[in-house]
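Once you scroll down, you'll see the structures, which are given as structure tokens.
Shared between the two complexes below is chain A, which pairs with chain B and chain C, respectively.
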Partner chain A sequence: MVQFGQDVIGGLGFGAIYALAALGLVIIFKTSRLVNFAFGSMGTAVAMILWTLLSAVRLPLVAAWLLALVGAAVVGALTDEALLRRIEQAPSLIQITITLGLFIGIEGLVGVLWGYTPKPLPELTSGGSLRVGPYFLTPDQLLIVALTLVLAAALHFVLERTRLGLAMRAIAQDRDTAMLMGVPTRRTVALSWAWGVLLSGLAAILVAPAVSLSPTMMDQIAVFAFAAAVLGGFGSLAGAIVGGFIVGIVGNLISAYLSTNFQLTFIFLLIVAVLYVRPHGIFGSAAQSRQ
Partner chain B sequence: MLELAGVSLSFVGLTAVAGLDLRVADGTICSLIGPNGAGKTSVLNLISRFYTPQTGQVRFNERDLLKLPPHRVVEIGIARSFQSPTLFKNLSVLDNLLVGAAHLSKPSVVEDVLRLPRSRQHERLARERADHALEFLKLEAVRDRVAGDLPYGHQKLVDIGRALVADPRLLLLDEPAAGMEEAQKQWLANAIMHVPDEYGAAVLLVDHDMGVVLRVSDNVIVMNFGSKIFEGPPGEVRHQPQVLAAYLGTERGGTVHDAQA
Partner chain C sequence: MIRARRRGLPWPLLAFGFAVAFPAAYGGNTAIMSVATQCLIYAVAAASLNLLMGYGGQVSLGHAGFLAAGAYTAAVVAIHFRLPLVPEILAAGLVAAAIGFVLGLPTGRLHGLYLVILTLGFGVAVPQIALNWTGLTNGWAGLAMPPTTLWGLDLTSQPTLYYCVLAVSWLCLLAMLSLVATRSGRIFMAVRDSEAAAMAMGVNVWRAKVKVFTTSAFFCGIAGDLLAHWTGLVAPTSFPFDLSLLFFSMVIVGGMGSIWGSLTGAVLLVVIADQAASVGGLSTAIIGGAVVLTLLVAPEGLASLPRVVSWRLRRMLEREAPGEIGRFRNRDQRVRKERRA
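The block that comes next holds the complex of A and B.
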């Protein structure tokens, strides 16, 4: 039983990563109705930029982090401004093709700029495992989980308690009407792209020490994060968080008791099962899916 | 304040508005009536800038409305409700009303997220206006309900309330009484009559309910086939033969009231 508990805890770290990336997907989807399939490779690019800032520019860790994340937000807003705004009215098949193309394009670009040799990023924290009752936790895991929960809470606060959040919720419901009411729709959508790409970047930075940097480092994580978003109902913040942790924990249990190779298979079986019972995801509603 | 001069609008092969002149004076209630397809809603949609007329001028307080995109119309003081309410259905009634205040001031994102003074001030103003609209339209009891769950009549009121929160100088109402029960219609007519005093806004009303129109209006414009066939105070409308003809398609006697019955 202790071992089982330990395996659950072992899934928390990756669960938090999936949750962060899924949040990034959901926040963009809410306002722009676009699934940003490029979120994985955008995250990779942010992690690579961080690596350059640390190893070549030799910035201090915190400064490099902040700069990389600000860069991610700017790139997110620019992507919306320069590219996706033009396909707002396009059929969804075209939109999907464009963000998928963006995914492949950015991954290729990262390969050209930084090469395919895996690069290490240092662990965020030092020191041995922490002991909580019979269980062990690494400080990195703790930091990642805490950071995810704090960010999710902040995001929730912004959405529910600020004017910007009201604008986002209104746009998510009916963009044209929101625009007629004088809501600055363009600015708000660009901002949600900034947020979304920042979260993808953060997920990549946090996972990098565990998987080492390479152009394809986020490929599998992106699939799991996408699964987490779908599981949570694609549109709900709480859903993305819960979905992320479920995928992380279930994935780790399957690695521990079956085989790492079966992770993806079982995660998708789980999604099929959940969607069979709740067709709109754990936290989704029919109204949300219709929009 | 609002002035349409020689406005014509046609869609492929169909004339919606033909050479219409229309004026709404400050603080007055003007109604636009006419049979289905007479072009009434097209006029509202022209003013909202959903359509651009082929000819003619649309001016609001000496400004050329035709130079503005639809989302800037609210900024210069024209707000509207819709024939079928376009609420944010998953948001609460209060949140729907608050969105109406979106254009009143524009604190920056940083101010919003950190709740700095300008953002708080905006929020206070928006809340005051929303509270006032809730009271004015007797919606206090449903303040925190999800808008999409409300009965149709209430949704229409929320739609009107959202327009009032926007602090308009001119309020466009597209068939506000449609789908309401008789008692609710009477109450709504009363509320509309108080809009100029309470909100300092003129009203341009499109409605089929002759009782409501005749009761609230200072000025009535009757349209048929996109043209104005009569304009005058409500007391004169019901006896005009050309109005009756438009409604009944014949020249037989009676009043517009009979025609509606």
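The block that comes next holds the complex of A and C.
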């Protein structure tokens, strides 16, 4: 039983990463009705920038972090401004496809610029694992989980209590009406892209010490995060968090008790099963996924 | 329609003639022949995906899974049953089609994102299943294709393999092309353009979707069979997610809803990948860039390029030549001059 609990805890760290990345997807989806499939390789690019800032420019850790995240936000806003705005009127399949093209392109570009040799990013915290009752936790895991929950709470606050959040919710409900009511739709959508890519970048930076930093590092994590967002019902913050943790914990249990190789297969089986019962995800409603 | 077809050159025939003749120009250079074979195999896979996306209006991010199903069937059938080539190819297609049928069943309920996650999951799961089902697939090590002969010709040596692949792939492309011209093809397109309208016309939408999924998987399975002969080894690592993305890119670059476009896209991207292989990531970057550029500049892909270019040219010529518009403009000026006088 203790072992089982330990395996559940072991999944928390990655669960939080998936939740963060899924949050980034959901924020973008809420305003622009698009899935940013490029989030994985965008995150990798941010982590690579951080590595350069730390190892080549030798900035202090906090400054490098801030710079990398600002870079992520700029990339997000630029993607919306420079690319997606130009094909606003195109069918959604075309718009989704362009983010897939970006995913491939950025991954290749990161490979060309930084190469494929794995690079180390320092762990965020030092010191041995903490002991809570019979269970062990690494400080990094704890930090990642805490950070994810705090960020989710902050996002919830922004969405529900601020003018920007109100604008986002208005756009999510009906973009044209929001525009007619004087909501600055373009700026708000660009901002949500900035936030979304920032969260993807953060997820990549946080996971980089655990897996080694390479251009394809986020491939599998991106698939899991996308799965988490679908599981939670695209368009719901709580769904992204819950979906992320479910995928993380179940994934860890599968690799502990069944087979490491089968992790993805079983996660997808789980998702198919959930979608069969609730076709719009755990927290989703029919209206949200109707396009 | 008929007039337009008569006026244009018989491009498919010319391309086929080129494909038949070009090995002579290179004197059987095996490296080039190998790339050419790969082009043809990937063209069938891309065209099968195009059948699903461009004509059926569905999405699949897991077509490498069907390719794997076809390749593994080919290897198992060739090793255990020693079937001749033609039944082996059919078996590969049919096994993939059966999987496609099962995967297509929920498409009546699943749309957009949920279909993406289903096909994505399928594409990722197939290599993992192959890895773990060691009794059938030999796990990591994979299955080596036994040497195959067709009418006494050795299929492992290069010009023979190329011509065999050329014949099969051309048949597949032509079959897909004639399929979209039939009643079934029209139904696929009707469902793609508007499910509600198709339903109102008496089309069974769900059946059409399952049908297009099954057909697409069938042709992709055949491509998998050809791939098995080309690589000589079928292993779980040969069918990564990147491969599904590559087929997807070929369809987009070549143009959705054009079988010949997919052939063009496949040839272009395979050649790019081959040329840029020396620098890690370069080919991926170029392919991704090509997808983005295509969507921004010509969303209907390379296939629409002749049409777009000729339209632009005609408009430019018309502006310069004293055509209808020019004459009217002159008259306008004359009228204005008379009024002033």
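To be clear about the criterion, the second predicted complex is superposed on the first by the 290 of 291 C-alpha atoms of A that agree within 3 Å, B and C clash if a C-alpha of one lies under 4 Å from a C-alpha of the other, contacts with A are read in each partner's own complex, and residues count from 1 in each chain.
Simple rule for what comes next: a residue touches a chain if its C-beta (ideal position, glycine included) is under 8 Å from a C-beta of that chain, and two chains touch if they have at least 3 such contacts.
Here the structure is a predicted model, which is why all the values come from computation and not from measurement.
Partners chain B and chain C, once the complexes are superposed on chain A, both fit on it without clashing.
In the superposition on chain A, A:261 contacts chain C only, with no contact to chain B.
Residue contacts after overlaying the shared chain place A:210 against neither chain B nor chain C. Using the contact criterion defined above for the overlaid structures, shared-chain residue A:78 touches neither chain B nor chain C, since it reaches no partner. After overlaying the two complexes on the shared chain, residue contacts for A:59 are found with neither chain B nor chain C. After the superposition on chain A, the angle chain B-chain A-chain C between C-alpha centres rounds to 90°, nearest 10.
Of the two partner chains, chain C is the only one touched by A:98; chain B is not. In the superposition on chain A, contact of A:219 is made with chain C only, not with chain B. In the superposition on chain A, A:170 makes contact with chain B only, while chain C stays out of contact range. With both structures placed on the common chain, the touch criterion links A:67 to neither chain B nor chain C. Set against each other, chain B and chain C touch different numbers of residues in chain A, with C touching more. Smallest inter-chain Cα distance, chain B versus chain C, after superposition on the shared chain: 21 Å. Chain B meets chain A in the complex at residues 48, 70-71, 73-75, 86-91, 95, 98-100, 102-104, 106-107, 109, 112-113, 115, 119, 122-123, 126, 148, 162, 166.
Looking at the complex, you find that chain A touches chain C at residues 35, 83, 86-87, 90, 92-94, 96-98, 100-112, 115-116, 215, 219, 223, 226-227, 230, 234, 259, 261-262, 264-265, 267-269, 271-272, 275-276, 279, 289, 291. Within the complex formed with chain A, the chain C residues making contact are 53, 59, 106, 109-110, 112-114, 116-118, 120-122, 124-125, 128-129, 131-132, 241, 245, 248-249, 252, 279-292, 294-296, 299. Residues of chain A touching chain B in their complex: 158, 162-164, 166-167, 169-170, 173-174, 177-185, 187, 191, 285, 287-288.
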